[in-house]
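What follows is a pair of complexes built around chain A, which joins chain B in one and chain C in the other.
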Partner chain A sequence: MSTSDRLHVVTADDLPPSRVAFGRTIIWASGLLLLLSFALQTAQALHWVDLGLTTWRPTLYAYLVWAVCLCWGQVLMRGEQGKRVLFVLPAVLFVVSLTVFPLLFGILIALSDWNLSNPDGRKFNGTANIVRMWNDPFYWNALGNMVWYCLAIVVEYAIAFGLALMLNAQIRARKFFRVAFLLPLMLSPVAVSWMVGKSILDVRLGPIAQLSQWLGLGQPSFFGDPVVAMLTIMAMDAWTFIPFMMIMLLAGLQAIPQEVQEAARVDGASGWRGFWEVTFPLMLPVSVTAILIRVIFKLKLADIVITVTSGGPGGATDTVTSFIYREYRDRSNVGYGTLLAMVYLVIIIVAMTVLMKVADRFVRPRT
Partner chain B sequence: MKTHLFDLAVRAAMSRRRLLQGAASLGALSAMGMPKGALAQDADLRAQILAIPGVGAGSPTDQHFQQVGELCLGPTKANVAEGEFAGVELTFMGLNNQNLHNILFRGFLKPWEDYTGAKINWIDLAQADYNPRLQQAIATGTVDFDIVEMGAPFEGDTAGRGLLDEMPDWVKEQIDMADYVAYLQPPVGTWDGKTYRITIDGDCHTFAYRTDYLSDPGISGATGMTEAPTTWQQVNDFSKKVVGQTDPLTGSPAFGFLDPLKYQWGGFGFYFLEDRATAYVKHPDDPAWLFDPDTMKPRVNNPGWVQAIQDVMDLMAANAYPPDQVNADPNATAFSQFLGGTGSMLTWWGDVGSNARTSDTSVVGDVVGFSINPGSDRVYNHAAGAWEEPEGANFAPNLAYLGWGVYVTNRVSGDEKKRKAAWSAAAHLGGKDISLWMAAYPSGFQPYRNSHFNFDEWEAAGYDRAYIEDYLGSNQESYNHPNAAIEPRIPGIFQYYSIAEDELVKGLSGQYGSAQETADAIAAAWEGITDQIGRDNQIKLYKASLGM
Partner chain C sequence: MTVETAEAPIFRDSEADRRHRAKWWTGRVVLYGALILWAVICLFPIYWTVTTAFKLQKDLLQGSVVPWLEYAPSWKGFASIGLSPDTIGIEMTPREEFLKRFMNSLIVSLSSSVLAVALGSLAAYGLSRFSYKFAWMRNDDISFFFLSQLILPPVVLALPFLVLYKALGLLDTRIGLILLTTLSVLPIVIWIMRDQFAGIPTELEEAALVDGLSVWGAFLTIILPIALPGMVAALILSLVLTWNEYFFAALLTSTHANTLPVMVASQTGSQGINWWSMAALSTAAILPLVVLGVALERFIIKGMAAGAVK
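Let's look at the complex of A and B:
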């Protein structure tokens, strides 16, 4: 025990060499068991040997044994220090089991030709899925659409900010409106799809279509034209998620001290200048956070598209997620679908990192 | 019988007086002419089970399922001794849609379990979960069920991989397979000459049309038609000429045939292009119409298929569809548009007919007629590479989806006692008499045996004969048509349909230069799927599914 260790030590560790050796032995022995099990199962999977194993459970059990021995061995070998390690090590092993291993397995699948209808099962095919993706017009079309969908967030933000300002002001029935405006966020996007997309916007029986006909404006088509269809999907998605941005912005507005605005007014600032020069800059950190989170939600847009348009007409409303859904579920193309999802994940991570850096630089001078 | 069909039957059923008349006539029939013996016993049994619980007496319950199951145990008792399967446990995987399917099977098989001593464990799945569950079990080698309710399109994935157990001869006799309608006869249910399937359901598309469009003077004057069109050429001509007329029922603009232009429907939307295409490409001398059996080269870009796509494009160009039709999937086309009074013709499974009369949102009421799908004045002979003009047009009803069947997996193959138990349970569900009850009451299944079309039995049970003849007649004609287009039971068939839907809507939205380019894009995508799944294996299985 080093003298610089400031943690309280309950017991003085005087570890006999046999105990340390035993700890080391069980760790190594269980590690070897894990390796051996993994090697044998790999050999079985590659049809080099036939051990009659049908699942990977033996390796899983070996991993559990190794994990227990590793934890136990820490205490045997390191005494009190080992006990401290136990506060973290099981959690680390758990996280590794549930995130790192599946991610590695996912990468392996993404680099495989695996159609569930192929009797030969999964086959490693290197970069073939990447080449296919590169030449897949459906994927690029969906990615292009995502750019437009994300750009719509600017409009959503403006509306949300306006609503937040309104709800922050001293208006009548403010509490009622706060709750009422939040209601769309509480609805499932699938419910919104059916209520709005399939019922209210129904071209024949929907109330909007009937009103339009009553006014002599003819029968409107909300999903017939590619541009109109995308705008309609954007509007439905915005209706659901604007309250989310609004509530974040409202919280930000309420955190701004009243005195700041009062000081601006004393200095002669008009309402607009007060907003643009004082409120808006102060709200930038909250705004950036709200927009970034909204972008993440937007990149996952799928349920409304799948339910209402299936990506049509002609792919005009398709999103990456709805395309992956069709590729994976309708066409059982597990390998290619996984690759598309992995690439999309990388794109999202890179884009969000860049966006956060830019936002950070944009916000910092004003705060 | 599907639930909605039963509801219709109940509404159209006879009054108590007519029911008594029917019962009396059945009794008189037996008293007068029917010989005593097996035939009379069969008729008695069938009449007896059709009276459980009785048309108009509410929906059947588990108690009724068990009663029917008990009464239909005769064939089982002939082949299995009491208590013969004591100690045997079987796992049955099936659906629980609308509280039907497995829910009924439980009741039917309860008396069977009591008699044989076997025990059945159940895996109930919702429709949406069924395909992924089955596909993943197959792909990962984790089949954990002994008996499975399955659609014939999956036979390629299961029988083609040797996952099923071959049907013993005694089962074939017990269920009287010769009674199946023509299209469910082998090769359906067979692979490499071996039989695997006990059929419990049937499916096909039929043509539904509005009769008032044919009698309305204005529309008839514009279209020149007073009889229902029988070919796609007539349908297209009618659809173009009816534009600008007024719907006689709703007063809104009149429209002709309704193609569901939002074809993307999980693969099932492609059936509706097939409805048009089969008349052009299904040649009576050639069982194949989707792929070339020797190479798996797609035929979807041959002139016949291109004509089918071109027809749709021409109708779009002629503004012959209702507004927003590009966003109308098959479901909306049938149940929102056609039944709501928009458009005058469509192809669909049987339930449009029943819903026309029972659905609260239907306004078309009794102005609906049925026939087999339209034919074509000319058919493309793929072997000769030329169009032919057969006398009387070429008809090729699309037997879209082949209905449900019960299969036994190879998990039981090594244990003869368990194997016999599994097949006995499956045969009990696919028995001739119990199937009549399933055809007549809500079960989730359509009629599929020739004996189901004995309208006297239905009438005697209390059903409206005119309705039964009208509705089931078009199905029966499609089922038994000599040139019916039968679905290829190859692995991944819905993958082909799904990508075809994606490419088709691209073509219809003008992203390809022509119908030919659209068809070429579909063909290229199909080639990719075939290569991915394995061409040699697909060829082998395709030939097997065609009985070649």
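Let's look at the complex of A and C:
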């Protein structure tokens, strides 16, 4: 198995049997401890025994002990090979325990009626949540909005590409422009969207409204009309994330060898044609990566919507995340919200898989 | 590209040359115009946030933009969170409140970034050097497993975690928040660090191993110092992302552990918004990152560019 390692190490591992046995013992013992504490706590949760425990913390501690013993046991039992496993194992344990377990638990929640403020606790209600989702116009509306939000990425990409080209040109004060263009990405979207959404875009006192009145365009309204409200949210989100695409594209531009550009110029392809026939095709792989990552981030869009419009007017700016957030805040029912989130996850996974396949097909024949 | 030559009076530019020069100048003007326009778009909201913190109600109503010329700056906004020169010495509840949130933000973002970089670097190093087999998963599958966490929207985990944390007594604690923010930046760290380690030749470790170091010894003493700039880049990028994290913090914390963005978002009083105090808070929330961004811009760009170009 270690024949294909990039780093080839030959070590003579002759582990004494007692050490191997000790390693096996601590893994099994801590595993048993974990099972035992889990069983006892389940018994308490079902009111079979009363141990006087208020939280599930003991099980958590048992899990931590088991995780440490598992890592240590690897080294004891497998020597050199175990030490290598130790590089990846902590991260794997961390991610598995924080995603896979909650996801499985989430499926259970999704199929139940569970109001956290209700003392009765969880009630299994089968497919009732699914039926409710099917008839919920606001959820479908939020999903439709996500499509529009994702389409806005095309415009963001065009702007980001333009900015990257400008930063890559022969300009003075390049460092200043780079820092200035990067700053929006660094700033808290919540703080900035508060100031931008509620102060700069204020219909009476904001500088934009005053500018438009001074120009004789009348009083603008940024969050009254559904379409304009959505465009405003898109613009605010674009403001934050254009630098991200810009940096990736800039890195791609700088990786293009200078000779290629020069050769193109010698062949008579300069300016516009040179861009479309030389630079753009060479940038395709980077562009696809940048757009895919941007789509992933876009699908998580929530904080701007929650703070500025909270989905209004009439759900026109709702994203799936902000909708579920409000659904929970208003009714504190975790069951329905979790089901919506799970369905969203399935849609995302299917859509991203298709998108990645298409992108792969799109990039390959040209490079 | 034209080359600027010293203009001797004897040589006169031909008609074609002059046209060329005019075109070049128009290009320059358009280029710098576009650059300056975008710089204004990027910087104006920051300028507005910072200056609003120094305005009074009447300045706001008049819509003044330029300080000193149109209005006299005042410390009222910062006084409301106890950070102006005349209130800094006095005990104040708003300042205690603000400092508590600020410390929460700082602790959460620092510890989760450090944790993510530690876990992520180890995993990325292991994946770039050895071949693993966990059950049916080989190296590529494990890498994909880590990176696929990026797709997972936070909202999917949020509600199950709400229930789990309630059962575990971790709701409204910093540790609970740290675990989740670490999880959210871990894929990005692994992505950056995998790229870094792949660029370091294995001969270095081979030499170290021949000299008698163990695998971990070689990693800690030889590889880590070389990969340090990449790790700093990953750390700073995670710091930025975790400092600005809002969704989990809004959902999982209430009074003890809530962070600065949550405090900013919850500033709607019953009698409208106090713009100056709001702006002062926002300024305090974005200022650390403005400083970080200006000072360490190089690392951030390096971190984000990693993996973009293969």
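Everything that follows uses one rule, which is that the second predicted complex is superposed on the first by the 266 of 367 C-alpha atoms of A that agree within 3 Å, B and C clash if a C-alpha of one lies under 4 Å from a C-alpha of the other, contacts with A are read in each partner's own complex, and residues count from 1 in each chain.
The working rule: contacts are C-beta pairs under 8 Å (C-beta built on N, C-alpha and C of every residue); 3 or more make two chains touch, one makes a residue touch a chain.
Remember, predicted model here, so these are calculated numbers, not experimental data.
Once the two complexes are laid over each other on the shared chain, residue contacts for A:251 go to chain C alone; chain B is not touched. Residue contacts after overlaying the shared chain place A:285 against chain C, while chain B stays out of touching range. By the touch criterion stated above, A:54 is placed in contact with chain B and with chain C alike.
When the two complexes are overlaid on their common chain A, residue A:117 makes contact with chain B while staying clear of chain C.
Of the two partner chains placed by the overlay, neither chain B nor chain C lies in contact with A:46.
The wider contact with chain A, measured as residues touched, comes from C rather than the other of chain B and chain C. By the document's definition of touching, of the two partners only chain C reaches A:299; chain B does not. By the touch criterion defined above, A:229 reaches chain B but does not reach chain C. When both complexes are overlaid on chain A, the residue A:215 reaches neither chain B nor chain C. Comparing the two complexes, residues 54, 116, 205 of chain A contact chain B in one case and chain C in the other. Against chain B, the residues of chain A that register as touching in their complex are 54, 113, 115-121, 138, 202-205, 219-224, 226, 229, 308-316, 326, 329-333. Interface residues of chain A, counted against chain C in their complex, comprise 1-2, 4-9, 54-57, 60, 80, 83-88, 90-92, 94-95, 98-99, 102-103, 105-106, 109, 114, 116, 162-163, 166, 169-171, 175-192, 194-196, 198-200, 205-207, 210, 239, 243-244, 247-252, 255, 285-286, 289-290, 293, 296, 299-300, 302-303, 306-307, 320-321, 324-325, 328, 334, 337-338, 341-342, 344-345, 348-349, 352. Against chain A, in their complex, chain C makes its touches with residues 1, 31-32, 34-35, 38-39, 41-46, 48-49, 52, 60-61, 63, 65, 119-120, 122-123, 125-134, 142, 145-146, 149-164, 166-169, 179-180, 182-183, 186, 190, 202, 205-206, 209, 214-216, 219, 240, 243-244, 246-247, 250-251, 260-261, 264-265, 267, 273, 275, 278-279, 281-282, 285-286, 289-290, 292-294, 297, 300-301, 304-305, 307-310. Residues of chain B touching chain A in their complex: 132, 135-136, 138-139, 141, 156-157, 160-161, 262, 264-267, 322-327, 329, 336-337, 340, 342, 491-492, 494-495, 498-499, 502, 505-506, 508-511, 529, 532-534, 537.
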